[in-house]
Amino acid sequence: MFEQWQLRLEALKANRFFELFVVAVIILSALLVGVHTYSIEPRYIHLLAAFDVLVTLFFLVEISIRFLAEKQKKNFFKNGWNLFDTLIVAISLIPVTNSEVAVLGRLIRIFRVLRMVSIIPELRILLNSLVKALPQLGYVLLLMFIIFYIYAAIGATLFAHINPTLWGDIVISLLTLFRIMTFEDWTDVMYETMAVYPISWIYYLTFIFFTAFAFLNMVIGIVVNVMEEENAKARAAEHAGEPTIVDLHGEILELKQMLAKLEDQKR
Amino acid sequence: MFEQWQLRLEALKANRFFELFVVAVIILSALLVGVHTYSIEPRYIHLLAAFDVLVTLFFLVEISIRFLAEKQKKNFFKNGWNLFDTLIVAISLIPVTNSEVAVLGRLIRIFRVLRMVSIIPELRILLNSLVKALPQLGYVLLLMFIIFYIYAAIGATLFAHINPTLWGDIVISLLTLFRIMTFEDWTDVMYETMAVYPISWIYYLTFIFFTAFAFLNMVIGIVVNVMEEENAKARAAEHAGEPTIVDLHGEILELKQMLAKLEDQKR
Amino acid sequence: MFEQWQLRLEALKANRFFELFVVAVIILSALLVGVHTYSIEPRYIHLLAAFDVLVTLFFLVEISIRFLAEKQKKNFFKNGWNLFDTLIVAISLIPVTNSEVAVLGRLIRIFRVLRMVSIIPELRILLNSLVKALPQLGYVLLLMFIIFYIYAAIGATLFAHINPTLWGDIVISLLTLFRIMTFEDWTDVMYETMAVYPISWIYYLTFIFFTAFAFLNMVIGIVVNVMEEENAKARAAEHAGEPTIVDLHGEILELKQMLAKLEDQKR
Amino acid sequence: MFEQWQLRLEALKANRFFELFVVAVIILSALLVGVHTYSIEPRYIHLLAAFDVLVTLFFLVEISIRFLAEKQKKNFFKNGWNLFDTLIVAISLIPVTNSEVAVLGRLIRIFRVLRMVSIIPELRILLNSLVKALPQLGYVLLLMFIIFYIYAAIGATLFAHINPTLWGDIVISLLTLFRIMTFEDWTDVMYETMAVYPISWIYYLTFIFFTAFAFLNMVIGIVVNVMEEENAKARAAEHAGEPTIVDLHGEILELKQMLAKLEDQKR
């Protein structure tokens, strides 16, 4: 009897309309989050709270269906996305009566929008490919951080007395350098220190060159990487099952053996 | 008799000089639109109005020629560009005497400049290829919107009391985040919230990283896509009609059969 | 006797040290231009003037050598770079005694720095390749201009009464839109018009999307183009002289004929 | 006896844990540099100084080990990274008692963070590849500098009287142009000169076009270059040891000779 139920739940889980309904509920929960950022008339607050409870309950039911539909219960928690969904739903269940943590409760509800990523396969694939690209960029990011750290240390040592708000200590300096990298009012920062050290423009220009160059390298790294994978896939798909030059070589060698045999027979 | 006329119109439509003349009239209509943005001396206003009527009439005549030159009248409206042209001309015909909707009338006339795209084949091809690239980017745009929405909800929840002009509700927050993505005075926004929440720089830096990364992915997506299509085209063009490795394989197999037959005959 | 001179001049022109000396004089002339932007003590002014005369004379001599070294005098003026050099030198010869046109004289001398491009072959090749890429981008630039023009016309029609300095007429609006495309204080412009038309952010966001998309397309256009040329070159260089699949096919067909002949002989 | 020591030191140098320990000490030295940018309580200053001495001594010991572990002492100094490490350590040894040069002492200690690059092989490879890409970009950088120089000379000649802070002489003008290239408040600069010369927007727009175009070309130059190297490597790796079309051609020619021989025997 239980197995019959499991099969029914599995069929429900795979149902196209059920999936669309789940997406619709996630969009509704996203809209609820959005509505909360407006000042709401008191009489509607209860309505919103009711909706919120309904969405939470639906998510609870949906995750239960997904859990019960799984034959091997262990596999359910091996999937990172399932863990993520369960966590989000579990946290939503904690009642937020205390008004002080009400903001926290609303912040947690925001992350329910991320369930959109876990439910739509295309977004999941996209995110996976982004995460996969990260480690290959690790060393470029490390190199960039070293450049940032050295410049931040120099900046905090030399410019701290000019403007402590921008160069007070090494952490503030790192933030200021990030701002300079985005070109956001960087000349204001430069003109201020040039009033004391007229040649400090060298500091800014070399920093911009180094970070731009490292960033460029990072971008190219990703492009080349993605390109190569795509090319490899394309080649594999295009010539799948087709004979290769290696096959041709084998065939020709067989031909040669046959001819050699023919010659031998002749003698 | 009618068919003779149709052939004449078709010849006229295909005439190079007629096409150039149409382009010239479109440029004239664009200049008329431009001239209207200057304050014009009263005595020239009538001249401009006359020109405007002439351009409108010419467009009416031209679209009629294109319609009459078409053998199958149904096909005319299957072409999206023809529909666009007819719509633009039809709206221009509505007389704008009421001074209140005069601005609206002038706005509609501006879109006649878009007829440049429908008349020049190269621009039409370019725009088609741009539109074709859009759906493939759909999921990246959706992912980017999810990132924007989550950050906007967080921003509107936490920062609304600091600066309602920037973080008042979720729509205003989305606009503020777009501004941050373009690096436009983003540090002003950040320093303001850092005065209340000193660690709010994490919010801005992670947002910039996520959107920059997603944007990067989008760009690379287009590049890889365009490249692949170009490569496929190039390969197809280069080796069109040439024998492939598969053909060689077939030939070699035939050779083997012939040799095997030879050997059989020998015995 | 004249031919002997010509050969000597040709040898001089091709001489490596002579070329380096010309480059050195161009750098000197560039430095002279730079020095003039500082306030100079009166006693040095004569020295600078003398240097300027010397540089001008040297350029005159050098261009004469290049002209006399040419066997076919006609070919000299067929080369665009020679024409450019002659023009620059000729204009420098015009005496600038009148103090009113002194600024003009100095501006013309600035362009002598461009002779660096005409004398160094690598720079000439680089510039040629840049110029070659331009026409292929022509239609994208045209499309971009149409987008700019339509938005400028809309902006000048709707926003002129809000801020005539930014949206006064269509030319000023074009400049303002270029500023928005570079993200330079674009939110200031937007917030100003949003005070009157709250939904005018649609105007700015769509404009940014369209131009960014068109620009992206342009960049990708160049990349794909350059790539393809490089690939074509690489393939041609790599397999030059090597047998192709077509050659193999021919050889195998010959093999088949030989075998067929063998079989025929047998019968 | 000495050789035995050398082998032991060589084993120590290659030891994975020793390498990790060196990295840890470098990170510690980086943190020390960072801590110095905060105002430190007097009682901790001695602790920091002690740590600093320890780090310096450790670096001295480590570089000595690396030197003694080398069989050919000459080769040690042929490696640029060894020279760099030795220099950094040697400068750190100079005692900084004078309070006036204390800042200089601290600045030198900052560069010890760069030892991270010399100790981690992946970063070394990354930096080498960046440095290798530079000369190929040399001519584009030269072309860009020529554009900058010409525009700076024009700017300093025409705009110096409008705002000497931005256009006073050619060096200041170069800095202002770099600022314009990063789009940092460039319209403020433009509007100021447009008040005097209304058509000076041509100066700014052409400059932005030229530099953007040259920069674009530079980026594409690197991408194409990196791509080609990667492709060449990929192709070489993929088909290593596999027969090529040239090999097939050879085999087929041998087949033909065998068949010809067979035919000869027949007659």
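List of remarks:
So that you can tell them apart, the chains are marked A, B, C and D in the order they are listed, and the count of residues begins at 1 in each.
FYI, a residue touches a chain if its C-beta (ideal position, glycine included) is under 8 Å from a C-beta of that chain, and two chains touch if they have at least 3 such contacts.
Just so it is clear, the model here is predicted, and its values are computed rather than measured.
Most remote from chain B, judged by the distance between CA-atom centroids, is D. Mostly differing positions are employed by chain A and chain B in their mutual contact, as under half of the interface residue numbers are shared between these two copies.
Copies chain B and chain D of the same sequence differ by a rotation of 180 degrees once their CA atoms are superposed, given in steps of 5.
A separation of 40 Å divides the Cα centre of chain A from that of chain C. Per-chain CA centroids place chain B at a distance of 29 Å from chain C. Annotation for chain B: residues 183, 185, 223, 227, 245, 248, 252, 255, 259, 262 touch two or more other chains.
In summary, the structure contains touching chain pairs A-B, A-D, B-C, C-D. Taken in their complex, chain B has these residues touching chain A: 139-140, 142-143, 146, 149-150, 153-154, 156-158, 160, 169-170, 173, 183, 185-187, 201, 205, 208, 213-214, 216-217, 220, 223-224, 227-228, 245-246, 248-249, 252-253, 255-256, 259-260, 262-263, 266. Residues of chain C touching chain D in their complex: 30, 33-34, 36-38, 103, 106-107, 110-111, 113-114, 116-117, 120, 122-123, 126-127, 130, 175, 178-179, 182-185, 219, 222-223, 226-227, 230, 234, 242-245, 247-248, 251-252, 254-255, 258-259, 261-262, 265.
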